[in-house]
Structures are given as structure tokens and as C-alpha cells.
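In the two complexes below, subunit A is the common chain; its partner is subunit B in one and subunit C in the other.
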Partner chain A sequence: MGDGKHSPLTEPMLYVLMAFLRQERCGTEITQFVSDKTGGRVRLGPGTLYTLLGKFQEEKLIEETQVDGRKRTYRLTHLGRTVYEEEVERLRSCLRDAEEELL
Partner chain B sequence: MKKTALSITPFGGYDIPGLEGWLSAKAAKGFRFTDAAGPLTVFTRTEPEPVQVHLEPIRGAVQEDPEANAIYQESGWQYWGMFRSSFYVYASTDLDARAHTDPEVWDDALKTFFRQKVITGILLLWANVLLLGLYRQGISWEWDFTWLRWFPVETLSNGTIIPFLLALAGFFLIDLAYLLGLIHLARYRRAVRNGSKTRSRRGVGWLMAAGLLILLPVLVNTAQLYFGMDYRPYPLEGSGFVTLTDIEGEDFSLSGDPMYNMDRIDYGGTLLRPERWYFQQYASFPQYGDVDLNAVPRLELTAVRYPMAVLAEMRAEEWSRQRKNGSLDFEILAPDHGLDEIFYAPRKGGSAVTASGATREFLPGGVLILRRGNTVLHVNYYGHQDLTEHLESFAHMLEGL
Partner chain C sequence: MKRDDALTKKYVPCALWDFAGLQAWLNQQAQAGYALERWPGRSFIGRVSFRRDPEAPHTRYCLDPIGELIGETELRDRAASYREFGWHYVDRIGKLYAIYRTDDPAAQNLYTDPESLDWAMKKQMRFAWVSVIVWILWVAVIFRKDWPLLLRWPEEYLMNLILRAEILIPLYGILLILVITAVSGGIGTLLGVRQTKAYLRQGQWPPVSSRHYPEFCRFLLTAITAGALVLFLVFLGVSGVLHTRVLSGPEEWAFPHVTLEEVLPAGASLRAYDNRELLHSDTFDHSLLAPEQYDVAQGGKVTREDGTVTKTRLYQEHVRTLSPALAQAVYRGRVTAHRHTLEEYRINWEENTSTLHSNLPNAFDSMAEESVSYPGLDGLTRFTYQFSDERHPNVVYIGLAGERVFVLNCSGAADSQEALSLLVQRLDQA
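Now for the complex of A and B:
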């Protein structure tokens, strides 16, 4: 279970966590992932990404696996996955409520 | 044309929009940011280029962060350097580029930065207390402020009041600049959260620069004290100082106690305390029993060199208003032997019966105050010789200081 203090996540936070779901990544690959995933809808500024990597690492949502020159590679932790899944569930719930009202 | 240029940073150290705007404007004029330390910012001359500058708060250790640089570079930003120990400076030629695209994350970064700077502020306050406490120890306010009125040069050259007052003024300006910086940072954070804008205030950086400028001599003075540079005694032999033997004659017997018969000249001085010399000699006296030191011939010399002759002149005048253990009023003698001023107060000898019925003898002698340029010498002598007969020797001694 997550600790609840991370919810709700902002879009950039959600997409940065999403980037680590299937593979380890270094910071510079994440911007491209978010841009590709959202078709450019979500813009991830370098300051935002840099701050998020530090914050997520501090909060143990991701952990560093490799340092290669200027590149640092991270992977999602168990806590990070739980926080991500809880956020997805929250969004699903929001979406269900929203769709019910549309009917 | 010089490749680098220096400028005093006009904005507060944590005024992010103000600093970003200033660095962008400088780049547009052909001055690219290179480094910033204290109140100064260093620029390299380049071709004028319209850029957008972003200051990213440094997290953790104050060193270049290759990962941050790589992330920024990937998005088209160029790393320019570190602004003090607070920010990484990045620039982009894309004037619409945004370094932070999530206000919540930016707010979070600013919150962490603000906390770091509050802790630094507490350390700054601690430095205030330490430095002010160091010089406050040597000050007796009641005593000094009464004396400050009547004997300003003597009081201000005691080595504690000037550093204390300078430290007080310097820290006031620095603390004020720091506090204004924190207030500005808090306002900027609120503006980021609300999506509004803040107004930058030019001039806060000048406060800090002025404070550091005032504090600089105090820091140098403190370092001199710390490394013992304020006390540099040298041997009496070869010093050119007039001794009790010179006055009383070769056969005169001096005390064997090194405390009463100095074999060295106490000498010292720092940036904020004038150069000073001190030397004393006593005639021999019994080491045991009821010894009255007033009855022992002695010579005490104190010299001070001021940065300006007018201060030495004032000090001579202040000394001439002080009576020393029964000395009479000072008379002004005509300048001679290259001396600019000569004050002389003879002392009458005699004896008196104390409350216990014992007879105490008081030696005659006198006090001489001599000034040569910016150096003033105070001679206090107890004995039967006439001090004025040795004016030439004292003048020669002053010349050699």
C-alpha cells in the first residue's frame, strides 16, 4: 500500500513514473517517452524532470541502478509501483464517475 | 578588449525572476554569465545574443551536476555555470522554452530551496553572534562611552570598538539583504502557486555588497588576531629604545625579574588597531617582604602609530589631559630634535604616612609626551633624573620606530 501522501499526482509526475514501468531509464530518455506517449500534449520541462527525479529518489519511488558518465539510470521501486497503481485506480474511479454522469 | 567583466549583482541572491531578467539582459548586451561569488558576478564578453536564462536551485552538494546538465541540454538549454552556491544557470535561445512545466513541482523545488536557505540564515546568525561576541568581550560600554566623549582617539584605538561597530553595521546590512531575499523567495513561491507575478527589487544586492565591504576589514582583523599577528615582540637589544640604564647611568642596578625588566619590546597591531610598542624597566628591589613599588625607580614607554598625523596629535592632547600618579599639569615645550610636539609634566616626590602608620615614599620623575608625525610616545618615569635632558634620545628612538 502507498502512504497516500503522493496522491493525487500531477500529469508530469504520473508520466515520469509511467516511464519506468517497463524498463530502467536514464533522465534524458524520459522527456522523449512522455512526448511520444502523449503526442506532445504533456510537456516536460528539464527543470520539472530534474526536480522530479530528485524528489522521487528521495521518496524512494525510484532508485538509481547505474551511473555512466553524465547518465544516471533509474528503476521503479515497489513503493513507486504501488503509488502509480493507486493513482491509476483513483483516475479510473474519477473517470467512472464522470462517465456515469454523462449517461 | 578584456574578455571578462565584473559587475556587482544588483538583485538579491534569491530574487529568481530579477536575477534571470538581469542575466538575460546582460547576455543581450554581449556579457555571458560565467560565475558569481559574494556580491560580484563575472561575465565573459561574447556576441550579443537574446536568450532566456533560468536559475535552477541546487539540490544537495554544491557542485556541477552532470545529470542536470544532460537533461537541460537534451531540451536545448546550455549550462553556463553556478550562481554562488544557490543556482545552476541555464540559457536557451528559444525565448518561449519553459524549464518548469508543472507549477506544483516548481513550488516543491522552491519549498526545499527555501528551507535550505532558512538553515543557512540560522548559520549566518550564528556567525553574527560569534564575531560580535568576540569583539564585545573587550568592551565595557559604560566606561568606553564616557571615555569616547573625552578621549575619542584612545578609546577608538583600543582594538575592539571599531571592529565591533563595523561588524554590527556590516552584519546589519547583510542580514537585511538576506532577510529581504528570503521574503522575496517566499513571495515568488506564492506567485508560482497562484500563477501570478512578483516584482523584483533592484538594490538588495547593493545592500549585501556594502555589508561585505564593511565587514571585510573586520574579517581581516579577526584573521590577524586568530593567527597571533597582533603580537610580534622583538628583542630590546638593538631596538633603539631608551632604557632605565640610559637615564640612571651604567652602574644602575636593574631588577632581575623579567616581568619588571623586559628584555623585549612588546609590539603589535592589526588592520583595525594601530601599531603599538610597550616597554618597561624597574630598578632592582627586594623580591620578598613588604615592597612598595612606588619607591622603585622605573621607566614605562608606550608608543602608538596612527594612520594619520592628526590622530596622533589628538592622542597627544588626550594624554596631556590625564594625570599619572601625582604628575602635575603638562607644560608645552618648544618643538626640538625633529619632534612636532613636546608635553612635559614633572612629578614631585615626597612621602606620606599610610593608615597603618607606615611611611611611604613617592619618587619624583615625570611624564613626557612626544609626537613625531603620526607617532606618539608616552614616557612615564619615576626617579631622580630630569627627563627633559633625554629628549634627544627619545626623539632618536621615535625616529627609528
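Now for the complex of A and C:
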């Protein structure tokens, strides 16, 4: 279970965690994933990306798997997946509330 | 088109912590055709070097917070990672920011959301705190000898300022300006980074603050003050202000005083010390606020009528100030200084009693300080104490009469009451 201290995640944080759900990725691949996934709506500058990767590593949400020269690859940890799932559940709940009010 | 090889120096209009201001300024310079050449490190005086470059208007600059706690390896790794995204390392702004440049109009800014920039500035915040603590410790260390006096014995501190006015007031003034400039720089950075982080935490980009060239102003103030300090020290060396005049004897005592011969018991004879090392030299000093400062001593072996021999000393200090208020401050300072000296002597005595003086009683049991009312004086304090190896008490009178302050320190066979009476008469006539 997540400890709740990461919730709510910002949009860039959510998408960076999302990028690791299916596979390990390096920095450029994450940026590409987020851009493709959101159709360019969510922008991820390199400062933002590497600060988030540093923060996630510090909080053990992701871990480094491979260092090939300058290229570093990361994957999601069990805690990272839990935090992601809790955030999705929170967003789902928000969306439910919002839709109910529209009816 | 070719780049112009000549460097142009430009003054930085905002503080170094000002993320938004610096970034906006660098980009304005780029729009005006100036590419950043280098950011001076230790030699930074508030201006940086640009080179005229026709390609500059197509360039964008972004800052990346580093903080001193980040290592060089991490900085190089970051630079390599950013290069893949089209950003190239240019230089660093002190210990605060790394400067990156891109010529690719499609490249995203380094930071695309305020929260991530807020996290990136976490190390800067720590560094700013460390920096402020270091400055404060530095101040505490350089003034380490003054703090106890200033906090515990402030009257003595004030007296020293009056008695050494032309040395201490400018010196402390200059040092204070240097210290305030240095510490305010550290505190300013801390508050600035804190304010920037507060904006970012709320999801807002920090605004560009108004331009008032704080870095150059700080450099100018420091340079002028340091220059003034050097000139002042040279002045002290060549002007002779630091030299105390040594008096040859009582013939040069041009102040109301008594002599040892006048205050001895009737029929007693004095064999004065030939060796001045047994007494301190008679001296004359002056300052702007206290133009007359005498410190004189007499002493010798006194043989009474019954044949007993007593070592006797008479110390006198005399200060004339420019006003009664200054004299009042000197009087209070003298009383405090005497109390302070005795207190230190007592502590030293007590610390060593068990090992060095185990067979002696506490010499300070008989110590007393009292305020005494005396006709013709505006204030009088009497200290009496007797060490265990002495047969007569030491009596010290510290007095105030208008603009004059005196210290009358009698030991041995000197009659302190008589000495005080004579001195007050002479003060009245002066």
C-alpha cells in the first residue's frame, strides 16, 4: 500500500509513472511516451523530467536498471505501482463525482 | 554573418537568486543580439561578458537550479542528459544556477511545470541556509573577543569606545558595514529563494522583479568600505594615534592629583621604587571624546615611626571628557571594568585554590563594592578588598565630578581617606 504522502500527483508526475507501467524506459523515451500519449498537451522539459526522476528514485517509486554510458534506464517499483494505482483510483472517484453532478 | 570578437560587459539588473529575472534578462540580451560568453566566478562584480552574435536572437536561455550541494559529476551528467534534448551548458551563476542555451525553437523549456522547479530548488534552499549560518558563524568568530564584553559588560564597552573614539568608532563602523553587507547578502538569497519557492509551490511562475542592480551596488559598497578600511589602517600606522605618550614623572602630571608623599602617615618615610618595572609607566592618552587621559603610579617601601615597613602603592587615573554625559558613561564603564577585573581575578583564584592555595582562605570574602555619597562629587564608588598575603586592605575610589572621572587606588600605608579628600579639593579648584 502507498503511504498517501504522494497523493495527489501532478499531471507530469502521473504521466512519468505511467510511462513505466509496461516497460523500462530512459529519459528520451519517457518524453516521447508522454508527448505521444497526450498528443503534445503535457509538455515535459528536461529539467522537469530529470527532477521528477531524481525525486521518484529518492522516494523509491522507481529504480535504475541499466547504465549504458550516459543513458540510464529506470523501472517502476512495487511502491511506485501502488502509488500510481491509488492515484488512478482517486482520479476515478473524482470523475465519478463530477459526472454524477452533470446528470 | 560573423560573430564580433569584442566582449561587451553588461551589469546584471537583478539579484543572483532571482530565477525569473535572470532568465528573462539573458533572453532579452539574446533578442538584442548578445550571446552570453561567460559568467565570472569568484571575480564577479555584478557584470557579465557578452559577445555580439547575429545568431543570438534565435537562442533561448534557461536556468537550472543547482545549489552547492550538487556535485560536479551530477552537474556533468545533467548537462549530458539535457544535450539530448537540445540544451547546451554555457556556464554557472555562482553556486545557484547552471545556464543552458538552445538554438532549437522546438525544444521545450527546461522546466515545464512550477512544481518540478520547486523540488529542484530544494537543494538551493539548504545551501542558502548553510550559507547564512556560515556568515553568522564568521561574524561570531571575528568578533569573539567583543561579544562577552558587549553582552555582559556593555558599560565597559561604551567606555572603551569613548576612550579610543578615533580608532574604535571608524574601525567598528567599517567592519559593521562589511559584516552587514555580507550577512544581508546571505539572508537576501535565503529570503529570495524562499519567496520563489512559495510561488512555485502554488503552481505559479515567479514574477520578474524590478531592476535595481543589487549585485553591483553590493560590490561597490564592499569595495568602498574595504578601501576605507585599508586607508584607515594606513592612517593609524603613520599618524601616531596608536602611540601612548610615556610621561617622565609627576612634573608632567597636568591634572588634579595627589602624590604618595602627601598621603602617608605622619612621620613615615618613603623609599620609592627605583625600578619602574615594579610599577607601570605613567602615560598620557587622548581621544576626540576624551582629550585628557592620565594613568600614573607611585610606589615604594614605607617605614613608619614604629619601624614597620610596608609596601605601598598609589595608582591614579584621570579622564576629562568633552561633556558631563560622556564623563558619566566613562564613570559607569570604569566601575564596571573594575568589577569585571575583580570578578575574573576571583574566578581564577577559586579555580586554582584547591591545587595552589589549599592552605589559604578565600581572599575575596572581604571584597566589597559600595556607592558612596561625597560632597563635591557627582558620583563615587568604593571597592575594598584584601588578599590573604596582604596586611592592609586595597581601597579603590572611582569618582565623577562634572566632565572628569578619576580612579584612586591606594594600598599599603597610603591613607585613602586623606587621598580622596585632597583630590576632591583639587578637583574643585581645577
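To be clear about the criterion, the second predicted complex is superposed on the first by the 103 of 103 C-alpha atoms of A that agree within 3 Å, B and C clash if a C-alpha of one lies under 4 Å from a C-alpha of the other, contacts with A are read in each partner's own complex, and residues count from 1 in each chain.
Quick note on the criterion: a residue touches a chain if its C-beta (ideal position, glycine included) is under 8 Å from a C-beta of that chain, and two chains touch if they have at least 3 such contacts.
All of these numbers come straight from a predicted model, not from anything done at the bench.
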Who touches more of subunit A, subunit B or subunit C? B
Using the superposition on chain A described above, determine whether A:T31 touches subunit B (first), subunit C (second), both, or neither. both
With the two structures laid over each other on chain A, which partner does A:P12 touch: subunit B (first), subunit C (second), both, or neither? both
Taking the contacts subunit A makes with subunit B in one complex and with subunit C in the other, which residues are shared? 10-13, 27-28, 31, 43-48, 50-52, 55, 70
Name, in rising order, each residue of subunit C that touches subunit A in their complex. 62, 64, 77-78, 80-82, 84-85, 87, 108-113, 115-117, 119-120
Partner subunit C, residues of subunit A touching it in the complex: 10-13, 27-28, 31, 43-48, 50-52, 55, 70
Listed in rising order, subunit A residues that touch subunit B in their complex are 10-13, 27-28, 31, 43-55, 69-72
Subunit A-touching residues of subunit B, taken from the complex the two chains share: 54, 56, 59, 66-72, 74-75, 77, 90, 97-102, 104-106, 108-109
